[in-house]
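For clarity, chains are labelled A, B, C, D, E, F, G and H in written order, and residue numbers in each chain start from 1.
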């Protein structure tokens, strides 16, 4: 089964290093995984519309324009993905992460959520739609290693 | 076109009277609309799993069990809906509302979001996937009246 | 086969009486057809966004807002339709009519186009995706009568 | 994310050099993009049917035959595409461009429209279904660079 | 389960009374079945295009035009159907019957074929895609009675 | 929401009265539910093919013929269903019940499983694909009451 | 656009050299096309079931078994194909060719039919679902050259 | 047709060497086949959830957690597969094998079942949904050789 490269989309929080930790783990484990993600440069992401398609006077439409450009990337990569990992951090509302989860669920994509216990109750609907809930990036890597190689850690 | 009853799913916030206001508006406008919604009794919703399928020791699985039962209702009604209205209130994280929006978007359902301006930036991805953003329940009724009867208010 | 009410969506030109003529023909023929259409009041259609969701400063976004509200109606009714009739008149660009045709074609809906010969070459791609091209509203009625009752005119 | 080659379909106007300008921009930016397009040789496109499947007496069927052969190419490439760019020029009716946009929209493909401001009102339904509207080929390249590499120009 | 009316499409041969025999059997058995079919008046069917959309000079396009109008009916009714019965008679090539079977199969519709043993070998691919092969209209009625009421004959 | 009649398919074990108990519970609760099921008369079910489409010499093809006729019913009703309940009893292998669950899962239908604890481990994949696992028919009724009316028992 | 290899499925007649002629033409034209086809060894095709899965007493089931094995190949390759060419010869009923055409049509695959004029009337429904009708293998190659390279012959 | 690598998913029994025998046969036959399978290390499979996502107190949820992680693998690989082989052994209930078969059937994947005659009656629904039933791993290889190369054994 070495032929298949698994495409894993890493949705959600952009203010911590969880993606790097997963990618490092994947590399250390030698897994045939290709990761993708939304643009994680917060400033660039906010300017995605006006920085490409021209200035915008009103804040609402400025955001709208940016969200449209970002969605070209995110929807394409989610449709391409084999597995969607959705990370919820401690801060911010992260509604786009939950939106991505709903989008992926309706497409029948396997989802793994990644968050701490203190958001368990608020995330119960999203977790229910997921195939598993991880607490650490290492656990996500463990899941991917098992899913791809059939090996448990340790 | 009087024959069609439009099915409108009202997703999101369960701590204010926005659904009743929309339903009252629909009734006053005499629109052929059938509304549906998640269970809005917060306590019942939290006990949806244990109250039907038996007690559960751990909080995580208690929530999981409840979210599963609630999803039978919400996913069925969203799939049935012609239009999905998603309300975000001032409080709580409301990730399930954003999840519903993503789910509806992937199915190609027209979405109308309903929220105040102070959450505009945080909701920009969800608003971009919507066909319109309303600020008041009356505006949602106005949209439905126009969509169904082709009449603008006033 | 009397049980089935055929849903026919009438897309396109809003400045002539072709819809009324088709509807009159359907009635005279006693066909079990329920017609639907975009909002054909041009002024209302242009104000669909600002008249329901609030004023908008810029012309582009004013149109965008209106087109979003109109799309709730048109996309829902096209998805509901058994047959989509698309009318192209002599004036205006009518890109929305061609858009509707493409949308319907991708969903596998049978399309009937309705236009004069002088637009044949410009409409060749749309006509190719259609199941038939009519020159008059009466011909559309003749097609519907045949499709539903198996009877040819005269 | 270097692995993915993005497939971008360039629909619409065939009488200006906008495709070349986008392709040059993509090359200069070093983006992993594979572009495709309808046959842009106007004369060949008009003869697509009769030049391959034999002469045809009537103009309508000559066009019909040609449009069928062209549709083998366009529908296949649109279904293959990650992103569909739709260009509307100053001249001609370009209903096939709007048709392509509708076709792509129903398939859930991200669309970017490209046109001047003077067609904004006439194109409002198509623009609403798009994820963004560009005014110049360079802006399309900027969008692709951001979507693929997460980099804004300048 | 009395609520459900089963929609059964009767495709194929139009030169014998097999449809009437099935419909009589359904009526005698009191089954909640609504049947539909292509237009079975051979002359009308051949004139379906020219009789509604205007004369046509060439035989090929005359047939093409007619087949387009007929397809509005047949494709719509096959998509609507719960069960598709496909009858192959002794005469004619009946390629449209086999086409309908392939169309229904790709949509996941249960098919029942109806033909004599002497065409078994030629129809093996179609029969393989079917859920059952009947030899007489009465057997089709027996299948429907069992499928709907759970009762075997006799 | 009183308008919607929920269609619930009751798959699986045919040797106990669990369906009747669920139907009685639904009736007592006054729920707008229409139930459907495979043919539960074991002898009739085994003769479904030979009893309708003629005798068969070999046991394998006798079963094959019967399974084809039964599948017309079961696949149609599962596609129609809002909710699929799958019951596993103490005896028999009941592979068709697990098959139905897989079929429903791939279609995105909410599943509720119904079985005792001693089959938990063997059914873990099926239970994971379900939205909830019940131990008694009453619990299934409780789930349906909650899903439809938002009321918990007691 | 040199990157894309077009997958072309060649369905139908197995008693003439039309496939070889198309393949030779493709090679001479240097087109990036990968062709596939059903098993064209008639004897092998008839024994596909019994030759792999064991002898069968009855002719009907012998054919059924063979058709099942053949369908693994044909349905997979049709689903994989960009374009489906369907050839009808002078002899035999070739219902499987028409079945393939219906199957491909329901999946939205572009179809090109290939047959002589004397079968035009009998094939009108199949031709209507096709994007073009060719009379010679060379014309099929001409269509592919145009579709892929945009070049007309001569 | 040498280009296509056929992806074959081997579902079911994990306590005998049938997968190795099929893989050896594929290799000896030089077939372009890439096989995949669930994790066949029974102990690892049972610990798939707790070994990656953390310990779990209750047996039911321990299984649930493991089944979720296993389903990421199995559902992804079944969706990727061209052909799904489902093996039922003499022991255990193997409901997951039947579930996989139902899942694959609803997706339109060709299925080959592999089991002894003594389970024929119990597996009749699953066999009916399959394109063929094999008795030995060698027969599966024979089917694949024929499907890919058009060659019968011997």
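In this section, a residue touches a chain if its C-beta (ideal position, glycine included) is under 8 Å from a C-beta of that chain, and two chains touch if they have at least 3 such contacts.
Computed from a predicted structure; not experimentally measured.
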{"item": "Chain pair with more C-beta contacts, A-H versus D-E", "value": "A-H"}
{"item": "Option reproducing the contacts of G-H, where over half of them reappear, out of C-D, B-F or F-G", "value": "B-F"}
{"item": "Length of the line joining the C-alpha centres of chain E and chain H, rounded to whole Å", "value": "36"}
{"item": "Between chain E and chain C, distance of the C-alpha-averaged centres to the nearest whole Å", "value": "30"}
{"item": "Centre-to-centre distance between chain H and chain F (centres being mean Cα positions), rounded to whole Å", "value": "24"}
{"item": "Whole-Å gap separating chain B and chain H, where each centre is the average of the chain's CA atoms", "value": "41"}
{"item": "Junction residues of chain C - those touching two or more other chains", "value": "68, 71, 106, 108, 133"}
{"item": "Contacting residues of chain E [partner chain D, same complex]", "value": "57-58, 61"}
{"item": "Touching residues (chain side chain F, partner chain H) in the complex", "value": "59-60, 63-64, 66-68, 70-71, 74, 88, 92-107, 117, 119-129, 133"}
{"item": "Residues of chain H touching chain G in the complex", "value": "1, 3-4, 6, 82-83, 108, 110, 112, 130-135, 139, 142-143, 145-148, 150-154"}
{"item": "Interfacial residue positions of chain A with respect to chain D in the complex", "value": "5, 34-37, 39-41, 44, 47-49, 51-54, 65, 68-69, 71-73, 75-76, 79-80"}
